[in-house]
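What follows is a set of structures for review.
First chain A sits with chain B, and in the next complex the same chain sits with chain C.
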Partner chain A sequence: MVILNFTLSEEGVSVFHDALACMYKFSDDVCLEARRDKLTLTTLNISKSAYVCFTFAANRFFSRYHFEGNAQYRDRFFCQLYIRSLLSIFRSRQGGDSARDKDASIERCDVAIDDGPGKKSRLIARISCRNGITASHSLPFESKPPTHAKFEKDEAGNRWSISSSTLRQLMDHFGPGIELLDINTDDDDHVVNFTCFTDKVQKRGPHGNEAVLKKPLHTNISVEMAEFNEVEVQDKLHIIISVKDFRAILQHAQIISGELATYYSEPGRPMKLSYSADGILCEFILMTVGEQDAITQKHKNTRARASKTPKPGSGPGPGPASKPDGSVANNEAKDVPKPAQKPPQQKTPPQPRQTQFEIRPPPIPPRSPVAARTDRSDSPLFVEQGDEDRQWDPVDREDEEEMDNARVEWNATGEPVLLRHFPLVARKKMANIHSRTRRPCELAVYWQDRLCPVMSQTDLLGDSSQPSSFLRHVSCCLLCLFFC
Partner chain B sequence: MRFKTELRNIRTFSKLVAALNTLEKIAWVRLDDDTVRFTVIPDTGSQVWASLSVDTIFDSYHIQSNEANNTINLELPLGPLQRALKSALNSNHASLRLTKRDGIPMLSMTIHTMTKDAPSAARRNKNNSNNNNNNDDQMGSYNDDNDPFSENSLYQQESLELTMKREREKVITQDIPVRVLHPDTVETIMQPKVREPDVHIMFPPLLQVKAISDRFTKLAITTAASSSSSSRREAQNPKLELSATMHGSLRLRLIADTLDITSVWDSCLENPELDPAVLPVPIEEHPSTKYREAGPDKWATVRVDGKDWSRVLSVGRLEASRVIACFTHEHALILYVYVRRADDDYPGVGAGRGGDDGDDVVTYYVSSINT
Partner chain C sequence: MSQPTQDAGPPLFRAVASSTRPLYQLLKAVGFTNKIHVEITPEGLRFSADHARVMQGAAHWNKNLFASYTTNLPPAAGNGDDDDPEPEPVSFQISLPAFLETLQIFGVADVAARQARSDIDPLVRGNPRMNHQHRGGNGSDAFSHQTLHGGGFASSSSNGTCILSYPSDGGPFSIILEEAGVKTTCNLTTYLPEMPEDIPFDIDDLSFKVIMQARYLLDALAEVGSINPERLTIVVSRKEPYLRFRTSGSHSGAGGPGVESTVDFRRGRDLLETFSVRAVERAKGERRWSQTFKFDTIKAATEAMRIASKVSLRGDGQGVLSMQFMVEVEGAGGAGGGVPGGGAGLSFLDFRFVPYATDGDEETDTEGEGDDVDMSEA
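This part shows the complex of A and B:
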């Protein structure tokens, strides 16, 4: 049964190709998600620090678009594909000698996704060229739910927007060998600064002077605020992202549209960049380098990280109940500079962001909504995770869809030291859970035994220890659901 | 210690730096009241001593130090400098100053520049003005339902005023890391001493010389790659033989195991007159006089490494007003490249040494490989 069927015009093919080419700079595979009114391509990079989402409006972008759900995919269809194979299909074909030859350029492209019981799951793309040749490609795909990163727009008080072409041209002034881009404002001068730097060469031994000359260019570009279409940024706020990601985004933004808008809150919290054109919306969520990271990098001292103190006033502070846990965690970080963690730190100091996504296990349908509610109300769930008996709280009955939908969220504090290998663990467990969730009887035991250790880690790591923040999280989940 | 200047003739400056950068990554720069000197001394290969008068590349030049002539000695990486100059190429104006950031000395280049008017923005203007036509969008028209104003909460229409931003100047700061050298450390660095040249000759256009030299070098590499392994090491560094006479001939020759190719500019080049006033010996006793008297078959010859020679010839991009080569038989080749100034064609004064007479000259010392 054909679930999804759409046709792209010649321009549509090239726009599709551009989008995929942009995504390919972040990841190898892409999640395709189709609904009645839109087609969404998403991807998450391997370090989970950047998330890309392109949304194509069904009625505006495609010449024809038809989605028909089946039993398995009622409201939406999703699958995962290799970007490389898609890129080769949608690559533009040059007309060649247009005078001699008939035009070999693409006239249109029909894409159909066939899936269902007893069917071969295939994405079939049929490219019709102007010279009459039709090429059909049949791609296998993996049925894998997309991972969506969450971004709280309310929280992001800082924003600016500017012509992407201007910004793209400014990027040309940045030399090679740089990794980090610091975006900051100066209200006195009415400028926004884009500063590129790196800390790769930071060992200053006895012959440190030699190394000084090997440092790459330190480039700062000041752009008058008047040049921006909109600027609303806290004065002197420094936000640091990866230059590579930023370049990849701008390259695509320049093709697509005139205006790039950004939203962000504070260091260590995600930043969103978006731009849109007729029928296409491009969104990127990048993790920014946390303040500790920034300080560490500024002072070129990896050890500085260990002696950090909890940042006051940033988000909800650690709740009273969780304080012991929190301090333990801090002490641990302070006193025992874990040797296992140090080498990677020194090896990759310029790595701007550690894995900052926090993957929450998919919620489970509760056996009874009442139980769920009691659980939630009495559970300082995220408060006393120290004892490992706490059961993870199911969110809602309606969340059933979320079973297949691993939701990803930015870690609340972005503390890199502790978070380092957590998400991987969580992911593995999650995979296990996936295979087991089908049998509810096993579930409770399973959750108690396996999941809670993970949850307790979450507690130590994030500041989700606060009931309030937990509630916020729940509401966010709902929001997320709503959005999805 | 102060150094601050505006930049001019950025293109020339940039090309000079690019030419130096092919030979070595780090240069010694000596600034004083009158001249700027770039010196590149690679571990192996040819040295460059470039001397420019200050007003060739600088304007509103301020320099101050405790040394004589307000000399400042810097060591700087050429790659970043070249990159920074590239930023400055199409700028409104650019300046350079010595400063410190985080305790590290920096040569800070401040560039005031504009971005080109974005074509997409222009197109967007057009779109907005004739939005009713619902076409010509840079994305192409995807609307099948022919309703450009269909409500879609996801994709808001952009408002008109966004597209009418006035272009403003951007300020770019490029910080090049430098080391300030103590005078004592550079005291020992001397220009190579070479005896009076046997032959001095005006070079043909460097592009010609480079094309032929590179061709010879590549030939040597490819032929040796297919021959026995004994000569392979040799082949990695093919040697070219350069010879010249005092009768206007220049010869370029490659001798390999199986090859012997020669290219000759036959009696078509000029041997410039020497100025007796600057010669250490009377003109009659000068070696070049002896070579001239010995006739057109008296060649002064040097052997150079093909790859190094190719790097030397990359100075051709500078669009030199003229290039004079001085051959010291079996010893060295000195190449004086006179920099053409963008604003006024500076008349050269004889085959002068270095930039003492105010000439802007890049001097290459290529030593002969003795076999």
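This part shows the complex of A and C:
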């Protein structure tokens, strides 16, 4: 029986396509979730560091929308599909020159989801072109409940919002080959700084044991606060996200052209970006990198050992009841389920919720012995991950209830230290890959003239101490793994 | 400077074109092989490409694409006389990628740029005239006829010349391109003709015939091709949906197995200018023609669909599919009004496809019955 049935206009198809194209930059597949009043597309990237959610209002976005639950899907239907095949279906068709040809553009697009006992589970999209050609595509789908990332808005004390097109223009100044974006404010100058950089290293020296920053270049773009619709950010709070994700978001935000709002609390905690247009709400939850500067500073001040952890995810706080700490965690913290001391310049949000996040999470957590020890099996995140094979089984109602509530919270209940080390291993792998594939030491000097009201400034850094400490840390963490 | 070196007698073939663009486009449409079979006839050049004996494509360069066209074909039936209808055609094979590369050596895309340049470059315009004078020396019959072309040609906005010649059997095929004082001579090695027989297409046993704009065919194939399919099934039936293309995803495709795409003309019946079906499928008691082809071979004709204005799809009783494309080309290299009766010439591209062998129970049966139904539009 047809469970879900909706019709898109030509414009709707292109909005749908834009949304999918944006998601495709994060992941290969998308979860479709239909309720009576809305259709939601969600995806979580493979490293589970970014979550995308597009919500389409049933009564405003679609020309027709009908959801009819059955026994299996009473009040919501969900499935997972390949984005690539959807992209080719919902692409726009060229209108052609009207003089000679009939218009080949899309007149309407009917989508039906057919499922039920004894039926093939298919998503059928029937596209009717204005010239009369009808194309219908039928795609198999996987019945898999979506995973939602959780974001606690109460906790996110920092927020700013800005016109998405303005922000998109800033993106032009991001240099090539950068990975990370540090957003911070300076109340004295009334500016918000967008600093992009990368900490990729390349190997040098006779034994390849000397690591040098690949691009010792920081590009800083200062935007006057007046450009923002709202800025309410703790002064000098550095929040770091992945540029790739940010770019993907901005490219789509510019199409939707609304006001882009962000909410975040502190490094190592998720950041939410959202914007909306008529009938469509776009939300992104990105995990932020544990703040680097704060860490390195702190290491120097506090513990010698800590300097070996150049780039851990920050918040170690293990217990759900413990308060989130600012940024620093070290090995000593692992036995103490209490938050590490909070960085002086950072505000501690009042929420007791504790999460741990790495921008590069463990490559293969389930297989690692360390992961086993972290006892994450009952942790609330990555619910479906536990049993890969189960996703092929018929959907079980009981399980479903559980899975219905599946949420990724980036909440580490295990030992923080171990968790913290995973990304470093991953990071080392990354570095290796880069050193193999990239050309040696290219120093890109990126200079942007002052543009009103945006100021760009480029810092060239020498070899920083980060790579070497990074290496030390890698060895340290490898050791740690070995030990386990 | 444009005089080709001639050692012994007039070349077997010599033609001058002012623009390589239509030549390139037509040839590119059959550009799915490495070696292409060339046949020189007094009426033009015929190019045949073959892919694994399941697909064949043929392009024609009609002689009115050229400002001048001369052949001195072997005396089997006359001595290089164009008026003689039966000279022995000369055939050989050449490397198609190299040929295509040569033809676009000055770029075929930037016509506008070249036209702009031609206004200030009398040298370029001068060259064609010289070619004609040279050809006059050959004393061919075509000359007097073609002079008219030359006149209109030289005074039009043409600016480059392309001289094709085949001096003698077994010799290199030579292409001389001149533009803005730059002269490029390319000699392509010719190979022994090795053209397999044509795929048999029984024109007396047509099962269906559909004529439509090539664009719709292109759109339809783009639609079903998005899942990177392996096979394409074409169904033609008298009743709805009339004409249907169906593919299913391959394992390597975007959608993976289980994905199916269908395009039909149920509502787009009026897009089909001519539509006649004569096939009978006994098993299902309905008149339809249904054959499955390798999608990649059909896709190889995409370039033809792009440049053609109309396409005629025909299927015969054995399931062989013929696609004939009508391409409107600027006649005689943009000579414009100078060509008597030439104008925008029509050129045709022919493709034939062999279907997958069908299972016994699906075998189409076209014997006897099935009176011709012509539902072509008024």
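Here are a few things to note about the model shown:
Methods note: the second predicted complex is superposed on the first by the 284 of 484 C-alpha atoms of A that agree within 3 Å, B and C clash if a C-alpha of one lies under 4 Å from a C-alpha of the other, contacts with A are read in each partner's own complex, and residues count from 1 in each chain.
By definition in this document, contacts are C-beta pairs under 8 Å (C-beta built on N, C-alpha and C of every residue); 3 or more make two chains touch, one makes a residue touch a chain.
Fair warning: this is a prediction, and the values are worked out from it, not measured in the lab.
Residue contacts after overlaying the shared chain place A:60 against chain B, while chain C stays out of touching range. With both structures placed on the common chain, the touch criterion links A:112 to neither chain B nor chain C. After overlaying the two complexes on the shared chain, residue contacts for A:1 are found with neither chain B nor chain C.
Looking at the shared chain after the overlay, A:258 reaches chain B, while chain C stays out of its contact range. Taking chain A as the reference, the larger set of touched residues comes from B, when chain B and chain C are compared. In the superposition on chain A, A:237 makes contact with neither chain B nor chain C. In the superposed model, A:156 makes contact with neither chain B nor chain C. Listing the residues of chain B that touch chain A in their complex gives 26, 75-77, 80, 83-84, 87, 101, 104, 106, 111, 115-116, 118-121, 124, 137-145, 150, 152, 154-156, 158, 162-163, 165-179. Residues of chain A touching chain B in their complex: 9-12, 15, 38, 55, 57, 59-64, 163-166, 169-170, 172-173, 175-176, 191, 209, 212-224, 226-227, 229, 254, 256-259, 276-281. Residue ranges on chain C touching chain A, taken from their complex, read 213, 215-216, 219-220, 223-224, 226-227, 241, 249, 254-271. Touching chain C in their complex are the following residues of chain A: 82, 84-85, 88-89, 91, 93, 96, 101-102, 104, 127-129, 131-140.
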